[in-house]
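Worksheet for the structure shown next.
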Amino acid sequence: MIKVGIVGGTGYTGVELLRLLARHPQVELKAITSRKEAGMPVAEMFPNLRGRVKLAFSTPEESELEHCDVVFFATPNGVAMQQTRALLDAGVKVIDLAADFRIKDIAVWEHWYKMEHACPDLVAEAVYGLPEINRAAIKGARLIANPGCYPTAVQLGFLPLLESGAVDVGFLVADAKSGVSGAGRKAEISTLFAESADNFKAYAVGGHRHWPEIKQGLESFAGKPVGFTFVPHLLPLIRGIHATLYAKVSADIDLQSLFEKRYAGEPFVDVLPAGSHPETRSVRGANLCRIAVHRPAGSDTVVVLSVIDNLVKGAAGQAVQNMNILFDLPEDTALDAVGMLP
Amino acid sequence: MIKVGIVGGTGYTGVELLRLLARHPQVELKAITSRKEAGMPVAEMFPNLRGRVKLAFSTPEESELEHCDVVFFATPNGVAMQQTRALLDAGVKVIDLAADFRIKDIAVWEHWYKMEHACPDLVAEAVYGLPEINRAAIKGARLIANPGCYPTAVQLGFLPLLESGAVDVGFLVADAKSGVSGAGRKAEISTLFAESADNFKAYAVGGHRHWPEIKQGLESFAGKPVGFTFVPHLLPLIRGIHATLYAKVSADIDLQSLFEKRYAGEPFVDVLPAGSHPETRSVRGANLCRIAVHRPAGSDTVVVLSVIDNLVKGAAGQAVQNMNILFDLPEDTALDAVGMLP
Amino acid sequence: MIKVGIVGGTGYTGVELLRLLARHPQVELKAITSRKEAGMPVAEMFPNLRGRVKLAFSTPEESELEHCDVVFFATPNGVAMQQTRALLDAGVKVIDLAADFRIKDIAVWEHWYKMEHACPDLVAEAVYGLPEINRAAIKGARLIANPGCYPTAVQLGFLPLLESGAVDVGFLVADAKSGVSGAGRKAEISTLFAESADNFKAYAVGGHRHWPEIKQGLESFAGKPVGFTFVPHLLPLIRGIHATLYAKVSADIDLQSLFEKRYAGEPFVDVLPAGSHPETRSVRGANLCRIAVHRPAGSDTVVVLSVIDNLVKGAAGQAVQNMNILFDLPEDTALDAVGMLP
Amino acid sequence: MIKVGIVGGTGYTGVELLRLLARHPQVELKAITSRKEAGMPVAEMFPNLRGRVKLAFSTPEESELEHCDVVFFATPNGVAMQQTRALLDAGVKVIDLAADFRIKDIAVWEHWYKMEHACPDLVAEAVYGLPEINRAAIKGARLIANPGCYPTAVQLGFLPLLESGAVDVGFLVADAKSGVSGAGRKAEISTLFAESADNFKAYAVGGHRHWPEIKQGLESFAGKPVGFTFVPHLLPLIRGIHATLYAKVSADIDLQSLFEKRYAGEPFVDVLPAGSHPETRSVRGANLCRIAVHRPAGSDTVVVLSVIDNLVKGAAGQAVQNMNILFDLPEDTALDAVGMLP
């Protein structure tokens, strides 16, 4: 059994990790920390877990995380970087669901996250946990930077186009929409039901932290600088990201077959038949990215539609997928849920 | 022109007052106070008001409320009772949308609202602002206690039954459901979109502050003590209350005609034809209570269905209706909106 | 492996059966019929099933249902009764998710369902598939009448009260609310998004088909006639039923402990601690009924709150639970999903 | 008083026309036709209109539309073109809310709408009813083609950029999102609540009828052919369109001031301050287009955000605005509603 600890389990990625790990046959949950809620049974805060997770929240001190095999950080940005070195030194694998280890250029990271990085050397070591491009490196990693939700949907959508040189890299557009759970479980007016329901808006058009993360990925796929515009929007639904991607086709390639071949062996990327429109609900609760590629008639524009559940393939599910790879388990262990439709 | 001040305009009843008063031909908005947001144009916080409300929030000190003709309190409970006497002394009429003056029995009020009342004598003077029972008294009042949202829907639904003695008063049940805007514009986890959407639950079954307010009304209609159970629920919609009321019929009365006669002259109560089921959306944005009365076949139970928009007939609209009565204006001035459907 | 056939798989209970059975280790899906969609791969209509269900819809003729071990009917009322005898004669077990075999009194059934019953003798034989009251009978049955969604939530909520004689049976009220998926996957204006979203209403107050089904159950629990009022409402959410039940306490019983004892051994009924309010989302996608029991202070009214996912414990999940019992499998096989929250 | 007739009043644009016209002081509603519902009081189908609209649906024959001053067609495509000539000949003004007269190139229209056009000469005469570009022509028109909902939001967003030559016309992208009421009041599975709620998807990426309508407009603004990609999406909300527009800046222009100047005199276009993100709810129920223009840091991409209520500025409200212009009334008569927020 793999001994698992979770730091910061009171948010949505935390409860989602618990929901998934509760059904994982190789996992023994050892600790879930929350200084603020220490002592409260997890299932009291999240009643869906009644009868399935017996743990109570514990303080970091009590939690003996250094005796775990792997620790997930489901914490705000800037927490994992303070605690990771000690865990690695104790032989514990670390999977960070926050952004501390995602961006290789420390100056860029510090600019966007408005703090000094505590351990630049570990950023260099960390493996970016997108299995579809880094599976081999993940297998041997000590420290995994679990990708952001938007970055997962956008990068998987652009990947085949950029690897193959099929598009002009100078004008890539990602019009992305996320459900409200992406904003986290935080008491804020802007994400109240009465503010977000029956409403739609863009936000952070001037600049969003996922922009440099995605750009780093796109440039590594293309092997050169890209011009990339990213506009996130807030959707009145709980779970789900839909990224609509635009680029100019620059080569005469069968796009459908390009995508199908690239993802042929991938258990968690599903390329839909030509002409399809993936729905976010088709992946609700499931660790899947569903993609369709279109080229509107008579146009040189390619339109890619990419959907994920932001809490699963965009966060906790991908983290479990990374754990499965790390520990040489079948990659879909505990990740076999069918999307909940309707 | 009536000079109007609003104390505490940053919540949902505040913005709703502004939305309604912006179209009131006899009203001149003089001040809207918020110590915290003083200086910010109202339309910056509520962009629907751009071009329609030019005021900025001001501190109570700057606001010179004592020069107004009427002041609305759209504040948390316990604020109005501190400021009302000075306004009344200055000749200003006061309409309190909170609960400070609703319950005549001071001990009961203090028990449910967990504070000492600042001015019991004004409670005695205050008129409960439900025009359908108190129109004449409202006309001559200085101080109006605007009813709560649930109390409006529930009392209007039970009123004809209790006045007429048609039901057993020993076992009255109100199963009430409210949209999330009823919880106010406050940063709280439980009313986040990701918590409240696609979800439904009861709350406060053990006891809710609107229970004594409603009970006081029901007993005044019946002229004797009643046994009354009240269970509120949180609906995943923005605006709307639906109260489903149950009682045992104790007299052989034509219920449909009882309701139709009682509300025949009321501009803001609409009794639907027999067999109808009122929908909350039919009163969305409108100052209306729609009611249907049923007696399931072969049963001695009467079921009343009563819907309002909690922010309009349940709060700001009723407050404007009370103001219109106070100032001898046509009762529907600025209250002629048609429910927004779909 | 259990060979399974499904008749009528294009509705919501059909796709839910598939979602659950796709993960059932002892089940081999043999056929899913739809005359209208014959030939279409199931996963084309329900893209969440891509990669998980390979079957295409087939005509009843092609489907060789008589070679199955068990056949589920996920059809409109009146279909199963036409086909059940032939299947039983061929040694196939039948689980009907519709209402054909739920009501023992044929005259009552014919009155509410507006058709003549095709096989009254099979109604007599059929076992009502609520495991919490009929587990032993289910084990030996050939034909199971899977309970309706409202009836499951309401009966489980009243059961301990009636069995124990704790309440006055003369005035039982169930104020029930259902998500829109309960109306099925049918092209109708009243359940369009633009009609049902941000809206709430009661319906069928004059009489609903689940009333006689529930009443039959309540009377069997109580051992005598009951007075029962049932008011269903349409909730703007996809999955979930919340039943709020009211009765007059007639005996001095510890209600919390009554419920806990009654359901102590039940894997799919979860009695919450005193003072709780179950949320529909805590059972979203899960085969669970969560129940809380309240007695508001100083009152002789008991209020029971009972929630289920109408498509799982209220339909397909309960059907799989019945199949597991029929075939002597662990009762929770394929029913171990944790409620999806958020 | 202006005598008004409405053809086809059972859809969402029909009821919205009624909601707006019910408060229009210069309008006398003479007839609203529906062959199917003839005889039914309008307020029975749309209970929000109870007490406000006394008309019943009538057959076209009874309706004596030729005695009206103006007739609105709120009908499916292809109906207005059959009846318009007779009305014009009788001296009646016609405002078509469908697409029959929007596209000047008959071949293009026939290709996209899959039918033969009944009166190409009237297409030539018809004025495209977007007041912000055609106010003078509308004033003198007999026949107005009321713009589509997407076309209103997209054209108003691109207009200043194209008129001024600020952007490269070769690669214009509109990523547009519409609430479900845009699909109309038709019994279809894909727009059921249980299909559309908590879900998001693109549709018609291969080609949508609004593409040629928008392209025609953009080319007239630019004075030359444009490359234009249009991707519509279905939003889980009732009313609202959000268009996110992308283009490459090709001239050094102050974009904020460009938009502010272009729309300075427009009563129903509101350019937000720099850095803003318009929300669909800020125009819910209001005849307004709110626009913000962004240029993400260091990029040569301009991003325009444009929101409308699809049933108001995108349909019925704009139709009433056109009527007001036609009859020389103040343009905002009956169009002074404040957006309903929350």
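By written order: A, B, C and D. Residues from 1 in each chain.
Here, contacts are C-beta pairs under 8 Å (C-beta built on N, C-alpha and C of every residue); 3 or more make two chains touch, one makes a residue touch a chain.
What you are looking at is a predicted structure, and each value in this text was computed from that prediction instead of being measured.
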*Counting C-beta pairs in contact, which comes out ahead: C-D or B-D?*
B-D
*So which chain is farthest from subunit C, going by the mean of the CA atoms in each chain?*
D
_CA centroid of subunit B to CA centroid of subunit D, Å_ = 36
*subunit C and subunit D, separation of their C-alpha mean positions in angstrom*: 45
*For subunit D, write out the residues touching at least two other chains, lowest number first.*
12, 181, 185, 194-195, 197-198, 236-239, 278-279, 281, 284, 342
_subunit C partner contacts - residues on subunit B that touch it in the complex_ = 171, 173, 175, 177, 194-195, 197-203, 205-207, 227, 229-231, 233, 235-240, 242, 244, 246, 248, 275, 277-281, 284, 294, 296-297, 299-301, 303, 305, 307, 342
*Using the touch rule from the top, collect the residues of subunit A that touch subunit C in their complex.*
12, 15, 19, 22-23, 46-52, 181, 185, 197-198, 238-239, 270, 272, 278-279, 281-286, 290, 311, 336-342
*Which bits of subunit A are touching subunit B when the two form their complex?*
12, 179-181, 183, 185-189, 191-198, 236-238
